[in-house]
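Both complexes shown next keep subunit A, but they swap its partner, so subunit B is in the first and subunit C is in the second.
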Partner chain A sequence: MNYSFDFASVFRNFGPLWEGLWVTVQLTIAANVIGLTLGFLLALLVMSRWAVIRLPVTLFIEFFRCTPAIIQIVWFFYCVPMLFNVFLGSVTMGIMALGLNLAAFNAEAYRASIQAVPREQLDAGIALGLNPFQRILYIVLPTAVRNSIPVLLTNGIGIFQQSALVAIVAVQDLMYQGKTLATQTYRPIETFTIVALVYFALSFPVSQIVGYLERRREAMAS
Partner chain B sequence: MSFNFAIVLKFQEALLLGLWTTLKLTLICIVLGCVLGFLLALARTSKRAMLRGVSGIYVEFFRGTPVLVQLFWIFFCLPLILGVELSNMASGIIALTLYMGAISSETFRASLKSVGREQLDACVALGLSPWVRTTSVVLPQAVLRAAPTLLSNCVSLFKESALVSAVGMADLMFVGQNISNNTARPVEVLTVVALIYFVIAFPLTRAVTVVEQRILKRLAV
Partner chain C sequence: MSDTAALVKIEGLHKSYGGVIQVLQGLDIEMKAGDRVVVIGPSGGGKSTLLRVLMGLEQIDSGSILFGGKPYISANGSGKTVIDAKVRRSIGMVFQHYTLFPHLDVISNLILAPTKVRGENKAVARERAMALLTRFGLAAKANAYPAQLSGGQKQRVAIARALMLDPRLMLFDEVTSALDPELVAEVEHVIMQLAQQQMPMVIVTHDMWFAKNIASRVIFCAGGVVVEDGPPEQVLGAPKEERTREFIERVFHIKH
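Right after this comes the complex of A and B.
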């Protein structure tokens, strides 16, 4: 191998990478806000008694879970403007596509932990005369959210990584800036290595926290 | 606006060809990735700190970076480093196998943990060699327990395989995007492509649940 590395060429052009990272962070945070709230709503709907509500929501969730994220994003960018005649900024579109994807995955996480809330607690809620809304707010929500935190965090990092896909539809995130820089400087190895390291540096600590939470729960359970 | 889904039928053959590439890539990477994943899981539970460290860094790195970045790295950087031209297919297989290896190793590691310490002691007492212990005692149980998660790893891999379109491999996604750009009918074409992915992935996710219940029943006995 006779390749001379030149990492300095990447650091000289770090400006665009910073801007890209900022877009990536924005995408991740906004998508997580949508995913955490809409996901919970979807989880409640998917457990509804009425099939009219249950079926469409199930279909929505399964569709987002069973197709590649890249086609969801491409579909969103090409088809939503045509179908609904709306033209939003590319970052907003990216946020919506990623947010809906995350909502579907989070809905499953919430559903699993809601179903793990013991039946007796709900009965106790009825006995105490709480109305359905209060039962959800004071009994189901706190337990379910606490139990689903590890999976929600994992999904959150997942969407941080998936956010790189918006580079394909030319949203100027970290991946996109990295790609541009690699072509401009003819330094793909250095650029992509640094881009990979940036992604890694941000997602690794969160995955360690997840591991810690899971270990602590196992310790508490046993 | 009017839709014309019949237009997709005209490109049936191209789409099928793309689907075949996607499936071929997925299947090859599942097989290679599972083998790699099992070996990695063994390395991560090894007594040697060196093996543990290297395999740990590898797995964390592949789980901690976007698959798209991994793909770009392997497509553009590996040929430079190795000094040999790699075909699209070869690069795709390398990238997705490495990814599958990383995610399935976590699955195997969890299932290896569930093989009781007593059983390993029993193997020592019976005088079995490490090879026999691994292949006849550990492997069958680990695979059985890992099966449901492994199956959902396979579904993930199938979905992630669509990313190879970004580096110009003619898989289902790539063919679909090409057709949609050339016919200017993204709604019809992309929707059909998404449905094709769905039709394959959805039954598999249902199968995960069935397999899970079966195995739970079997292990309970």
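Right after this comes the complex of A and C.
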């Protein structure tokens, strides 16, 4: 192999990567805000006893869970403006697409945790005279939300990585800046290695936190 | 209420699961305010179901229950169970698997229902809770979480939690079955304390020693009906019914 690596040319042009990283962080945070709140709402709706509410919400969730994220993003960027005659700026559109995707996955995480709260906990709530609303508010939700945190974090860093997909619709995130820089410097291997390391450096600690939380939960359950 | 008036009156109680598995097949039980009833019997005989029905946790097929002379649970014509939630609040229950709320510390477990259900002042409730915990030797654990407690401690907290609502009847559903043997005594001791204070109670247990010591009355329940009902010396010592005798012999044989 006679390829000589030249990381210096990437480091010399690090400015755009910083800007891209900032956009990626914004996308991730905003998508997580949507994912955590809308996902919770969707989880409650999908457990509704009324099919009129349950079925459309199920369809919404399954659409996002069962199609590739890249298609959702492309579809969002090209079809939504045409169908509804709105275009809100590329970053906003990216946030919407990623946020809705994350909301669908988080809804499932919330739902699974809510349904995993043992029936006995509710019996205890009845025996203590709590009404159905109080049982949900004081017993089910605190336990369920706590138990869903590891999955919510995993989904959250998942969307941090998925956010790289919005580069294909010209959102100037870390991936987009990386692509541009790779073309400018003719150093794609070095550039993408560094971009990958940046994604890794930010995801890895969160991934470790998830592992810690899961171990702690197991210890608490025993 | 005088000691002789019926605290609980169960009449013609039938309960099945999905209309197929008959669990309770016509129970008639009258319980006085001074009674400490221990229900014994083979698994699947309906003991725990009886307690769960009494707590208002189950639908029934037919029959009725009066509590303190007032209608409490009944099955109406269309097969729906009607439960008076206000009456239900005067009954407390402790379960086999503790059922403490894992996200709340001990004292918050105790004051949740009094503050939310009765609107009791938080400071007042905390004070009452501390008094109860002190009485049960758990004052030092007030700020511990359930996961940090032993099984025996958890079960004593669960008893204290139920007592916070000043129940007029306590139900204990195999509360020592999940405990390591060396932790059973501390829980039974607390229940004994309540018995000394004349707390009416219904206890489902497999611990015959405990049954003998605490019961003022023992009911042998099998196949969803009351087979024998009488003082502990009779039911446990010299049962009249053949099925009771067989069960007692088998249980004591296993124990000895």
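Remarks
Following the convention adopted for this analysis, the second predicted complex is superposed on the first by the 200 of 222 C-alpha atoms of A that agree within 3 Å, B and C clash if a C-alpha of one lies under 4 Å from a C-alpha of the other, contacts with A are read in each partner's own complex, and residues count from 1 in each chain.
As a working rule, contacts are C-beta pairs under 8 Å (C-beta built on N, C-alpha and C of every residue); 3 or more make two chains touch, one makes a residue touch a chain.
All of these numbers come straight from a predicted model, not from anything done at the bench.
Of the two partner chains placed around the shared chain by superposition, subunit B is the only one that A:179 touches, whereas subunit C remains out of contact.
By the touch criterion defined above, A:192 lies against subunit B but remains apart from subunit C after alignment on the C-alpha atoms of chain A. In the superposition on chain A, contact of A:127 is made with subunit C only, not with subunit B.
In the superposition on chain A, contact of A:143 is made with subunit C only, not with subunit B. Once chain A of one complex is fitted onto chain A of the other, the partner contacts of A:51 are absent, as it touches neither subunit B nor subunit C.
Counting the residues of subunit A that each partner touches, subunit B and subunit C differ, and the larger count belongs to B.
Look at A:86: by the touch rule set out above, it reaches neither subunit B nor subunit C.
If you check the complex, the residues on subunit C that touch subunit A are 52, 55-57, 85, 88-89, 91-93, 95, 97, 99-104, 112-113, 116-117, 145, 147, 161-162, 165.
Remark: subunit A residues 1-3, 62-63, 65-72, 74-75, 78-79, 82-83, 161-165, 167-168, 175, 178-179, 182, 188-189, 192-193, 195-196, 199-200, 203-204, 207 touch subunit B in the complex. If you check the complex, the residues on subunit B that touch subunit A are 1, 60-61, 63-70, 72-73, 76-77, 80-83, 155, 159-163, 165-166, 173, 176-177, 180, 186-187, 190-191, 193-194, 197-198, 201-202, 205. Residues of subunit A touching subunit C in their complex: 118, 120-121, 123-124, 126-131, 134, 138-139, 142-143, 146, 219-221.
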